[in-house]
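Labels A, B and C are assigned to the chains in the order they are written; within every chain, residues are numbered from 1.
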Amino acid sequence: MKDDNKPISRKAFMQELRSYRNGSITRRHFMGVTGLGTAMAVMGGTMPAFLPSRARAQEIGDRVVLATWPNYHDPANFDKFAEMTGAYSQVNVFGSNEEMLAKIQAGGSGWDVFVPTNYAIPTYVDADLIEPLDLSKIPNYDAAAFDPRFAEAGTINGTVYAVPKNWGTTGIAFNSDKTGGVVDSWKTFFDGARDQFDGRVMVHDYQLTTIGNALVYHGFSFNSVDPAELAQAEKLLIDVKPHLYAISSDYQPAMRNGDAWLTMCWTGDGKQMHTDIPEIGFALGKEGGEIWSDYYAIPKDAPHKEAAYALINFLLDPEVNKAEALAHGYPVADSRTNAMLPEELLNDPILYPAAEELDALEFGAAVTLTDPNRAELMARFKSA
Amino acid sequence: MAMTPSRARGLLLTPAGLWYAALLLLPLAVVLIFSFGERSPIGGYAPGFTFAQYANLPARFAAFRNTLTLAPIGTLAALLIAYPLAYFLAVKVTPKWKTLLLVLVIVPFWTSILIRSYAWIFLLGGKGIPALLAHLGLEDIRLLNTPFAVLVGIVYGYLPLMVFPIYVALEKLDKRLLEASADLGTPPWRSFLQITLPLSMPGVLTGCMLVFILLMGEFLIPAILGGGKVFFVGNALVDLFLQSRNWAFGSAVAVALVVVMLVVVALYSRAVKRFGATRDDTGLM
Amino acid sequence: MRLYALAVYAFLYLPICIIALFSFSEGRSAASMQGFTFDWYLRALKNPFVMEALWTSVRVAFLSAFMATVVGTMAALALTGMHGRVRKMFDLLVQIAVMIPGIVIGIATLIALVTVFDLVNPWFEPATGWKLSLGTGSLIGAHGMFTMSLVVLLVRGRMETLDHALIEASSDLGATPFGTFRQVTLPQILPAVLAGFLLAFTFSFDDFIIAFFVAGAETTLPIYVFSSIRRGVTPEINAIGTMVMVASLTILIFAQVLLRRTQAQPRR
């Protein structure tokens, strides 16, 4: 607001105070024109403890709502963000991009930041549900530092709608004590579910990966929307269903306490579980599967947009992102962050499988999100 | 109030009437209209007139089957567990303890069913009851994410709703009847069958009705304890609106659920009338 | 018999005890007991989202219960002793409202309101500066619609057992209809009205399924708990659950005492 340093006459001060009291100007404006803001800022600068976090919170509000995925952040970072800005983060967790889209479509999701996957972004743009990003408010986003393979899906027709969070793969986590060794194929996964791993296998509550990997089992594309191929995938899934432990995208608790032995699994969950429980391993299906990249984006009707930008910017700070990467165990596409990560993480075969293993994987295609047959197939599978 | 002129009656009824019109009749009408529409390409609703959604209903057959088997079984199980407790509270307990014990039955009902259900995840999971059973030599018992787990959750969640109406009915029972019967040398089990049970029937029927109605629309307990495998119609509905975004088909499933419910309730009321039971106490039927 | 009762009570309370017990665990996992701490309670009380969700729940429950009680009582008064088509129609509405599953109410309200708002907002928003959306208003409306029906059932039931001679006597003695209501009818139906309010409050406070659909951007406590359960449970949720339980219990006992007093005073 205007010039903060200009002195203000007594009369003008009183006038401003009155309008502040009766609510016709905001506190921020009041503090700005009267110079009180400067005074507070100076005091805050010299005596950090003196300045309550509230004073700074005026700028972005005291809250920000994040819609994200399970086990996807370092909780300490949100505490740090609250300390720095006075804005608390509410973290809502979803199990599929479909669920996020449904919530936004129904109006008034109340989210400020959400984390769509590469293939979902075009749909949000087409439906005009997502905000073009003002990159000047995200100075920590340095496009040059990102591997374009994992950043390009955020830009559509030259407009940046989303900035990259991290990437990963969808593979198989197995408890080798129980499975008797590495499980690295969808064939073993789905056949074993009906045989030696009966009642111990989990699949995602997520059409893209559950249907996708059933397609891959049959040798089809992960992204197929061909009715005949989908029919074969459905047959497999319905056949397997009675033998599953559960259909859920939050599989860590069941894997950790030994109830489940085998699950479809995202890279970072595999890494997190492997770190705590060495006998749980992670492998890619050798027939193929998904490689993906997640992004930060802001819904059109986000109630706290300034806070949304601040949070995204904060999370993209290489130092903060390093803590995120250490907590979530997904590979980050930001070379600045990678420069700070320990050597063994950058050489970890779970995060960075051999290049030829990645070759078999596919990025999700936008059509799978809106294809009515895939959506209905998944719903039928679950209610079967 | 018998003298109130009809103008005053009209005024008193207007707010309730408007409320029902805006938030009961209008929403139900929208569901009915949408059930003849189509799914829009990116999800949601697109206007249209088609019976395709109803034609697709067999795709949710399993959900209806699960609901129509687990809801009666759950109701019956709750009844079998609740009846002896209600009997105990109404007949055996001294007045001094009665209030406390009754309150103890309601208290769980006053706490979020969400939190209560989720406690069963620990109890039924591998580290809970199955681990205890393993000590007894029963290896490899799986409870969580099975229909059994959902039944446990159902009985647990709705037990107080079953206990109360039965208790109220048994409480009204004239104990002198039982004494007279005993004096005449009738064995207790016979008195129970001939006197207690018939007189408690209104309570039993009310309790069953209440629990059954709630179970027909159940979503939460199967969602928490069924691991996505034990699907009720409620779960299918949530899925259609919050995952596959098919408002038209979802509306058709909702209409079907309401119709099935009305049919079952009508059959039930008829059966009740045939057994000669009187009107129940809640005014529900 | 006594043993059986004991077993049922154990069944009812075992899960609740487990929740309470784990709320004191030091570890992050909510599924095992490590150490003893009150930290999770402090964390929950300091967490603005928990507090705001609680506040939203209380506000919605109070307002919806209050409106439902007033409107429901009015309707019950009018319906008593009434015959004919209007009475039949209202009886039917009350029955439908009570019988239709909450999930159908939630979904129906959601799609109806979203559709209506989409139609209305293009001219309503520029005209008033307000954009209609789901939130506290739709929560109160949907909860109140259901609980109003419970109030009608309760109060009407009470009205039917009422001593009508008293009411007639009162108006014969020249009391205005309102005077009769205040001095004769109200004291007699008060227990039912209060019970209706409490029932309505509890329903709204505990409801998850309707709120899940119509809350829009608002978060009630059950919605918060549900999404936290999905996030991987920490003992914080156990602490919240325990606190809500203790609070409900306090209100319940308080209400019991209150009800007993109001019941005891007018008679005997």
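Just so it is clear, a contact is a pair of C-beta atoms (placed from the backbone, for glycine too) under 8 Å apart; a residue touches a chain by one contact, two chains touch by 3 or more.
Owing to the predicted nature of the structure, the values given are computational and were not obtained by experimental measurement.
Following the contact convention of this document, A is the list of chains adjacent to both chain B and chain C. Interface comparison, A-B versus A-C: the pair with the greater number of contacting C-beta pairs is A-B. Per-chain CA centroids place chain B at a distance of 18 Å from chain C. Averaging Cα coordinates per chain places chain A and chain B 38 Å apart.
Centre-to-centre separation between chain A and chain C, using Cα means, comes to 35 Å. Shown for chain C are the residues in touch with two or more other chains, namely 31, 110, 233.
Residues of chain A in contact with at least two other chains: 106, 257. Taken residue by residue, chain B touches two or more other chains at 125, 127, 241, whereas all remaining positions touch fewer.
Across the complex, chain B is touched by residues 1-2, 4-5, 8-9, 11-16, 18-19, 22, 31-32, 71-72, 74-75, 77-82, 86, 90, 93, 95-105, 107-113, 115-116, 141-142, 144-145, 148, 152-153, 156-157, 159, 164, 167-168, 171, 177, 180-181, 185, 202, 206, 208-209, 212-213, 221-222, 225-226, 229, 233, 237, 241, 244-245, 248-249, 252-253, 256 of chain C. Taken together, the chain C residues at the contact with chain A in this complex read 31, 47-49, 110, 114, 117-118, 133-135, 216-219, 227, 230-233.
Per the touch definition, chain A reaches chain C in the complex via residues 62-63, 65, 70-71, 88, 90-93, 95, 106-111, 250, 252-253, 257, 303. Only residues 39, 41-44, 59-60, 62-63, 125-127, 142, 144-145, 227-229, 231, 235-236, 239-246, 249 of chain B touch chain A when the two sit together in their complex. Residues 96, 98-99, 101-103, 105-106, 123, 126-127, 199, 205, 207, 241, 244-248, 254, 257-259, 370, 372, 375-376, 378-380, 382-384 of chain A touch chain B in their complex.
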